[in-house]
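Presented sequentially are two complexes of subunit A, the first with subunit B as partner and the second with subunit C.
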Partner chain A sequence: MLAVSDLKIHYRTLAGSVKALDGVSFAVGDGEIMGLAGESGCGKSTLGKALIRLEERMMFVGGQVALDGERLPIADDRAMNPYRFRKVSIVPQYAMSALNPTRRIGRMIDELLAARGLKGSTLRPELERRLAILGLTPDVLGMYPIELSGGMKQRVVMVLSTLLDPSLLIADEVTSALDVASQKKVAGALVEFRDRGYVKSMIVVTHDLAILAQIADSILIMYAGKLAEKAPTRTIVEAPAHPYTRLLLGSLPEVGIRFEEKRLPGIKGRPPSLLSPPVGCRFRDRCPLAFGKCVEEPPFIEIAAGHQVACWKADAHAQG
Partner chain B sequence: MLRYLARKLIIYLLTFIVAVTIDWAIPRFMPGNPIDALVSRIALMPDANAALTSYFMAAFNLDQPLWRQYLNFWSALFHGDLGRSIMLFPTPVTTLIGRALPYTLGLLLPSILLSWYVGNMVGALAARRKLLDNSVLPLGYLLTATPYMWLGILLAWVLGSTLGWFPLAFGYDQSLKAEWSWRFIGSLLYHWVLPFASLFMVALGGWAIGMRNMIIYELESDYANYLMALGAPQRLVRKYAFRNAMLPQITGLALQLGAVVGGALVTEIVFSYPGLGWLVLSGIQNQDYFVIQGVFLFIIVGVLLANLIVDIVYVVVDPRTRVGLQGDAA
Partner chain C sequence: MLKVENVSKVFRSGAFGGKKAKVIHDVDFEVKPGEVVSLIGESGSGKTTVGRMILRLTSVSGGRITFEDEDISTLRGAGLKSYYRRVQGVFQDPFSSFNPIFKVGRVFRTIRREFLGDLDAAAWEARLTGALNAVGLEVAALDKFPHQMSGGQLQRLLIARALVLDIRLLIADEIISMLDASTRIDVLNLLGDLKRQGLSIIFVTHDLALGNYISDRIIILQKGAIVEMGTTDRVFGDPQHPYTRSLLDAVPHLHERWSDAELKDLGLVADTARFGGHLIEHRKDHLVRVYS
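After this line comes the complex of A and B, so read on.
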């Protein structure tokens, strides 16, 4: 069980601090796969990364993160180390280049485990068993990363990242660089790992709503550093309450429609700069429903069980 | 693997033939004629000059057509005969090179190897500590931008001329006889310090900067980020980064070692140090075909051998090249 409250992460830049995460609060339950979606630059990757390791230019401003009732010291790089890999783990966006190119994979894994005070030989059988689940033979452990295909490397990383049965796994854009067939396999593997109990909760960061519709239990939509909507997958797909979610879903292609005849609507305009974000609702400049009250910031409130939205018109919407 | 090596060897062989041909041709395309210079030094009566010239032309086989000279050159080469020097007639070129080689190797091998080792260590440390980095980086750029001979002249001026701590020229005290005595060895070392220091310091800066930049690059790479996200200690991440950053440094070292036989021309000239660089300069000044050819041949063989060694070492240390050659063979 992950509980995040009022988390604020800014990026240091020469022009000032970019408020990439501006007070987000949500929870992910045990056994839940939560999809995290939004446009580029909405802060979804920042959120994913912040939960495991802040990059150098990322600045912790405030908020709390608790995993299984224990507070995670995400602002303290050293104090966070014992939690990494054992409690929180990540399948990074760059999974295909995440392995040291000059070490045999098995040796690299052994060295990593040894550095964490574990014995590679005792975990070897489990490692090989899990590789087999994803269709990899133990031979890969004797190979160099370059001898594997991109998809194989990604599967190795998935197995390695989850080897210690972490409570929380962050899967950052894991399907983005793959062809559709591989996407399906990777998505299936994520669900399988959850079902087998290798991972308790999972946050799947992606801009691909179609993948989330297949594997996520709930979906969290972000916009410009803030949360827009969180709901069970079915609700998001069938009855989204936030106008941004609706437009986002509306920009997806549907099977059977030829887009020469009908243009995808898309969303007009661009997200606001996070250097000095506007007051009030951040989506209001692009929102077709914007009205006077939108100059005040809408709270992220529950409008139905498990369905939270930050929009003044959400109630009316959900019902209408 | 064998196919890869065989193909490499053929390429090296072809390069060798072309390079040797150019080596043979260049002195012959230079304006002037070494025999004229030799004869004018002897300065006899004009008609005696003509006789002497034709005698020497025949003695050095320079009266034969060029293609004949070219073939002679190759056949002599395979007998280990590099000809006789014209300026120091009749000393064989091999003797001259043999005499100069120890000085060059004694000067360059330690300076290249030590500067490489120390430079890499300093660079790796600089990448780790901000304070050290702030001093190493500017100093490194300053050193590496310094021309060898300028630093050499500076050292000679300050430490040799002004302070009088070190001798200014030659490989050993010219009043001594070259023999295996402690006095002679001491004199050799004494004369070795300044040229060594100038070569060592300039090269040191380059290696340190190269290593520092490579390590910082490696520490920002994806595999380093992934390891840190999985809570790997700095020790492990740095170990990997260091190892991977070494790869280009190994290539650099081998190429430097290949050029070693050419001598450090300018440094040797500044300190009148009797190495190969000094020899090739006198060869050029006296249009001594055979000395120039001989020394250049040494450089050619040295560079090619060094490249070949890099090719082989790389296959051992970097798995990516191994896969590359599998792909090639397929």
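After this line comes the complex of A and C, so read on.
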């Protein structure tokens, strides 16, 4: 169980601080796969990364993160170390570059485990068993990364990241660089590992809502450093309440939709700069429903069980 | 208009080019005026190589490519320049297509110098404004640096750069893969509008949904060979080749969830590529590769 409250992370830049994550609160339950979606620059990757390691440019401004009731010291790089890999783990976006190209995969894994004070040989049977679950033979351990396809590498990294049964796994755009067939396998692997209890909760960060519709239990939509909407997957897909979620879903061409027959609208305009974000609702400038009250910031409130939205018109919307 | 006739490509590698790898096998298709044709395939299918051969960025090893009945491999000097006035490409990463040190307008000045030097200032301005309007941008956008613009805007600028010339054919190689969903659709709609005005487009992508949205005809490539080709309705509505079917099955849909069994079918990705065989006409406007 992960609980994040009022988390604020800014980036240091020459022009000032970029408020990439501006007070977000949410929880991920045990056994839950939460999808985290939004457009580039909305803060979704920042959120994912902040939960495991703050990059040098990232500045912890405030908030709290608790994992299984224990407070995670995310602002303190060294104090976080005992939690990484054991409690919180990540599958990075480019698994291709996460593997050392000069080492055979088995040896690289042994070295990594040794660096954490663990013995490769004792974990080897479990490692091979988990590789087999994902359709990989133990032969891959004797291979160099270059001998594997992108999807295979992604799965190897997944097995490695979850080898110590972490409580929380962050999967950062793990399917984005893959072809449809490998994408499906990696998505299936995430669900399989959750079902087997290797990982308690999962945050799947992606811009691809269609893949989240397949594997996520709930979806959290972010916009310009703030939370826009969180709900069970079906609700987000079938009955979204935030105008941004609706427009985002409406701009997805699905197989079967043709330009000639149905021109999809897209969303006009661009997200605001996070150097000095506007007061009030940040989606206001692009929103077709914006009215006077939107200059005040809408609270992120529950409009139905498990369905939270930050929009002044959400209530009326959900009913009508 | 464009005819790709039995084109193949062999890459040589090794110290003296001793090793050969045939990456394109007898690809044969045609693009008519005002037609959008999607080249769809996974990584390594050769879709980008085909696009590059049409743009003459990669040479052809066998077969030939003709544009308006002219063999493009023989073009030199003025002939080649005239070819590039009619055929242009836009590629995947808009950020690396611009020099970050210069304002984006420089790309247009280069085009003018190279291709349209004989145009007077007023005529050039009119042409430039027309091209920018067509992609929904203001002339003021030219005074910005690449980092001040979004990926979608940069990609539209690159399309405008092609439109400044009298292009008849645009090769769009994964031009929206790096863009966000909301800007993606803007660029796709723009391509649709341009097609209505008579532009032919070869849309190279690995995303079947995007190919479906925009195309008149679909070409499915696997390991450098065409396995299925036909009108969009036929190929997506009634796929014949097992590879096309497996691709379509793997596309995630918003409103329809994969069953547990489907999702957890984690066996090794079967290598279904089979070489040889030949394309037969399954129905009108629908070719499928069969193996004897």
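Rule of thumb we're sticking to: the second predicted complex is superposed on the first by the 318 of 320 C-alpha atoms of A that agree within 3 Å, B and C clash if a C-alpha of one lies under 4 Å from a C-alpha of the other, contacts with A are read in each partner's own complex, and residues count from 1 in each chain.
The rule we apply is simple: a residue touches a chain if its C-beta (ideal position, glycine included) is under 8 Å from a C-beta of that chain, and two chains touch if they have at least 3 such contacts.
Here the structure is a predicted model, which means the values were calculated and not measured.
S.K.: More subunit A residues touched by subunit B or by subunit C?
M.R.: Counted on subunit A, the partner with more touching residues turns out to be C.
S.K.: Per the contact definition in the header, classify A:Ser251: touching subunit B only (first), subunit C only (second), both, or neither.
M.R.: It touches subunit C, and subunit B stays clear.
S.K.: State whether A:Ile267 touches subunit B only (first), subunit C only (second), both chains, or neither.
M.R.: second
S.K.: Using the touch definition from the top, say if A:Arg116 reaches subunit B (first), subunit C (second), both or neither.
M.R.: Touch partner of A:Arg116: subunit B, not subunit C.
S.K.: Give the list of subunit C residues in touch with subunit A in this complex.
M.R.: 42-43, 150-151, 180-186, 188-189, 192, 206-210, 212-214, 232, 236, 246-248, 250-255, 257-258, 263-269
S.K.: Under the stated contact criterion, what part of subunit B meets subunit A in this complex?
M.R.: Per the touch definition, subunit B meets subunit A at residues 221-223, 225-233, 235-236, 240, 243-244, 247, 317-320, 322-323.
S.K.: Along subunit A, where are the residues that touch subunit B in the complex?
M.R.: For subunit A paired with subunit B, touching residues are 52-53, 80-86, 89-90, 92, 94, 97-104, 111-112, 115-116, 144, 146-147, 157, 160-161.
S.K.: Spell out the part of subunit A that touches subunit C in their complex, as residue ranges.
M.R.: Touch residues, subunit A against subunit C: 39-40, 133-136, 149-151, 179-185, 187-189, 191-192, 207-211, 213-215, 237-238, 247-249, 251-260, 263-267, 270.
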